[in-house]
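Both complexes below contain subunit A, partnered by subunit B and then by subunit C.
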Partner chain A sequence: MLRFIAHRSLQSIIVLFLVTVIVFALMRILPGDPVAIIAGTGVEGLTAEEEARLRARFGLDQPLPMQYLDWIRNVLVGDWGISTRTGVPVWTELAHRAPITAQLALTAWLIAVLVGVTTGVAAAIYRRTPIDSFSTAFAMFGISMPDFWLGILLILVFSVWMGLLPSVGYVSPATDLLLNLKHLLLPALALGLSEAAVFMRQTRSGMLEVLGQDFIRVARAKGTPERVIIWHHTLKNASLPIVTIMGLRFGRLIGGTVVIETIFGLPGLGRLAVQSIVMRDYLALQGVVLLVALFVVVINLITDIIYAALDPRIRLA
Partner chain B sequence: MTVSEPPLLTVEGLTTTVSVQGRQAHALDDVSFQVRKGECVAIVGESGSGKSMTALAIMGLLPEPQVRATAGSIRFDGTDLLTLNQEQMRAFRGDRISMIFQEPMTSLNPVFTIGHQISEPLIYHKGLGRKAARKKAAQLLAQVQVADAEHRLSLYPHQFSGGMRQRAMIATGLACDPELMIADEPTTALDVTIQAQILEILRDLARGRGMGLILITHSLGVVARYADTVIVMYAGRVVESGPVAEVFGRPKHPYTRGLMACVPTMDGDLESALVPIDGQPSGVFDRPSGCAFHPRCPLAFDRCWAETPPLEEFRPGHHKACWADE
Partner chain C sequence: MRDVAVRLVAGPLEIVSLIVILLLVAAAVAAPLLAPFDPAAADGFNTLRGPSSRNLLGTDFLGRDVLSRLIYGAQVTAAVAIGSVAISILFGVPLGLVSGYFKGLTDTVIMRFIDALYAFPPLLLSLVLVAMLGPSMYNVMIAVGVIMIPTFCRLARAQALVVSAQTYVVAAQTIGTPAHRIILWHLWPNIAAPVIVQLTIGMAWAILAEAALSYLGVGVRPPTPTWGVMLAEGFQYLRINPWLSFIPGMAIFLTVFALNILGDALRDGLDPRLRN
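Right, the complex of A and B next:
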């Protein structure tokens, strides 16, 4: 098990390295640089010397490989640089915003798992009944609807028409937990329901496949209660692909926060990413992407470990 | 085995109906037989003759709603199992009646330990705690001659060979000390040497515990060696039944004779070739009229495709369903 974890961790480091190279390169491909943006937005235009001085200060006068190496070297010792947009250390900015995105993503993911797995199990047990048709229709709806459209729809129904929940803004859970959850519910639903649809389909097909296996008939022949057969014998076997999908979709879910945070006005990492791209805030965006990648990689690592814990054939292989 | 004692299991007139896309047919038709304590009853027949379906009907595990028991009764210790609902039936399954399936490689759940799977019936039916159940499981595994049973309880199915898996299945079936055990082709998937060991374990345990055993097989050799009574099935009906020595000594139904003619014997005359039964068994939806065997029967005459012959006792204990040779 330890060797397995070590092996997967090594792979994760390689993935993270590639992510840093790609995000660094992509930002440099975009036309303009932070200094050009600052020069453009300033009240008075900057002189050529002033621009050159700024570039030197941000290290932008260095050749690209040097810039990259500098960034990586600093990140490794915990210095994520200074945001050219706000002048605040990138790390401070990230530390402020990451919990918001993490809470949103985890809530959305929890909704997706609860709704997806229960409807999937129900659809499998009540196959070819109205329950199955309804769940399948729900899944089709969830997969077809874009997050942002669902988000706008939710705002319209629950905030504008019914006035039940706030449409924009964020309150820290430390200030008021209930209000915090109220603010998070709609964005989490918008983000989670389409993922729920994906989990539902995977759960349904996985459950149906396992329910047809010989060992389920054997379990019935043993007099195993139906409840234990469904939630223990069947779901544990069906959960292997479900857990894989859950891990894989988590990355997508975090990607979805970029749009959802913008719609719902949540000051999370997604919003920071958008603002940083607009302002060509190289270090801030690199920081966001690296942090998110780290998060996704860790989630996938955990997924693999859960996977091994669930299936003895993987663990002992 | 005394005749005066009431039978453990009495199947009478059991009929199951298969419905597929609006078409209906009787998969089992008027099946009747009895099993006594300590008796080994073998059910033989070709694939599709209804052997396994009979077993599933007794267990209440027919794949409803496609297949349902529509007539007859299955009386077990005074209770008609067909009148029970799933929850009442569950109390019997694995406790008083247990079943071992054909395919040991897929009969065990890959994500649970062997120990857990043997323990399950003890936990559900006897209310044992995990520890007590595990202790009993170790004894059971040792009883079916698995060495180092204690240690092997912690292993997973993929670490077991086919023969060991089937032993684990038998141990599970025996866990609650059932009065009746159904073994559906328990050795078909195993090596010949393992087959004999498994069947001997089953027969000895049945005799030792006074447990009724229904052995479903298509091997007449197995029947001759291990069973007390044999039931020959064809196209969902019992065509001949009786004590093994009697049926093998004086096979009456042409189908039984046909089956025996296609078994090679070690001491047989090399010149006498094996005689296969001509033709194919019919499917559920295209059963011939009258006696379903008549298209393949060398003795068939007019009456055979007009009327279905009933199962009649023509010698003490020996039944046949055939119009020929009355």
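Right, the complex of A and C next:
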């Protein structure tokens, strides 16, 4: 197991290195002069001397590999630059916004797990019945439904027509937990129901595969109660790929909140990314992209390790 | 091929899906002939109206005909779906084939790079790429295409690994057939089926991504009518006229739904194990 963890961690470190290279390269290809981007000023009004001084100050007169090393050193010590839009250090901005996105993604993920696994299990147990047809149709709807459109429809029904839940804004859970949950429910539903479709499909196919195996037939022949067969034998054996999908999709959810945060006015990382693009605040944008990508790599690593811990065939492969 | 055709018209859902896609193509190709009005023609005396005999789907906040904008919007939707998938296949499949055939260091280098690309959440990366390239339809195609490269690359690689272990490929290697010939003549035809299935799913994803980017205001810019832009503009008037958000959203949903249904049908038709 330790060998597997070491090997997989090494792979993740290589991927992390490549992620930083891609982010660094994107930053250098962005339109506009890097001096203007980093300093947050235009270069038009500067004399050649001032521009050269700024270039030297930000290390832009160095060769690209040196610039990369400088940048990565700063990233490692938490110096992610200053947001040109707010004047606040990017790291501080990210630290304020990341919990909002994390809470939204986690709530959406929980909704997806609850709805997806329940409907998936029901569809597999009651195969070729109206329950199966309904669940399969629900999954197809969920996969095809744009989450931002679902968000708009939820606002229309629950905020505009019924006046039950707020449509925009955010309240910290420390201020008022109930109001916080009220603000998060609709965006989390919009995100979670699309994800639930993915979990439902995976659960259904995994369950059906296990239900068709010989040991289930033997258990049935021995007179084992159906409840035990479903929960102890089938779901347990079908759960490995489901757990993997759940882990991988959580990482994706963190980066998938962009449009939903914009629609519901949630001040999370996704909204920060959009605002940064509009205001050409490239350091903040770089921060969001880097943070989210690092998070995805770490989540994927943890998922793989859990998978290997649960299934010896993976770590011995 | 017959199996595939049979699957594509196997049930009412598949037939409806085919009709939806044919309607989209027709709208995209013949928009000037089909649209009753100029999609950019504003009418200040006829704004935010519901459906009527003159404007079948009503008018928007500038008095523009929603049906005409929807029909013209299909052009962008179809172009981005086809263009972005073409880009991802053009780069993703050859990379995957080379990676899966040569294995070893080539495979490691290519796949680690693909893994790194895969670490970026798709919509976030496409957002950055469009910001980098500038908002236009072609740049949206590139941005969405690039983020789908890892999917096609991984798919092609997995298939290439299986096919390259087959006896006929080993035989071809033994008699000294050059690698490029083996990849082109033996590997590619044998992995085409799953790529075709992924193509439809990729198109569905591209349509969602384009709509999201346009919605956020970084994709195709107004006044060009796109379904994402229409949705964003309609959202501003949700309380007065929910119809404006409902129609473009429904168009996106129906198209993506139809592509997903056809993708499933194609998979069933092309997979010999599922044919019977």
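In this section, the second predicted complex is superposed on the first by the 271 of 317 C-alpha atoms of A that agree within 3 Å, B and C clash if a C-alpha of one lies under 4 Å from a C-alpha of the other, contacts with A are read in each partner's own complex, and residues count from 1 in each chain.
Definition applied: a contact is a pair of C-beta atoms (placed from the backbone, for glycine too) under 8 Å apart; a residue touches a chain by one contact, two chains touch by 3 or more.
Keep in mind it's a predicted model, so treat the numbers as computed, not measured.
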| item | value |
| --- | --- |
| A:75 touches, of subunit B and subunit C: first, second, both or neither? | neither |
| Residue contacts on subunit A - larger count, subunit B or subunit C | C |
| Contacts of A:153 with subunit B and subunit C, given as first, second, both or neither | second |
| Which of subunit B and subunit C A:140 touches, first, second, both or neither | second |
| Which of subunit B and subunit C A:285 touches, first, second, both or neither | second |
| Partner chain(s) touched by A:111 [first = subunit B, second = subunit C, both, neither] | neither |
| Overlap of subunit C and subunit B interfaces on subunit A (superposed complexes) | none |
| Of subunit B, residues touching subunit A in the complex | 59, 61, 86, 90-95, 98-99, 101, 103, 106-113, 120-121, 124-125, 156, 158-159, 169, 172 |
| In the complex with subunit A, residue positions of subunit C that touch it | 112-113, 115-117, 119-125, 127-129, 131-132, 134, 204, 208, 211-212, 215-218, 231, 235, 238-239, 242, 245-246, 249, 252-253, 256-257, 260-261 |
| Touching residues (chain side subunit A, partner subunit C) in the complex | 11, 14-15, 18-19, 21-22, 26, 29-31, 140-141, 143-146, 148-149, 152-153, 155-156, 160, 251-252, 254-256, 258-259, 262-263, 270, 273-274, 277-278, 285, 288-289, 292-293, 296-297, 300 |
| Subunit B-touching residues of subunit A, taken from the complex the two chains share | 213-215, 217-226, 228, 233, 236-237, 310-313, 316 |
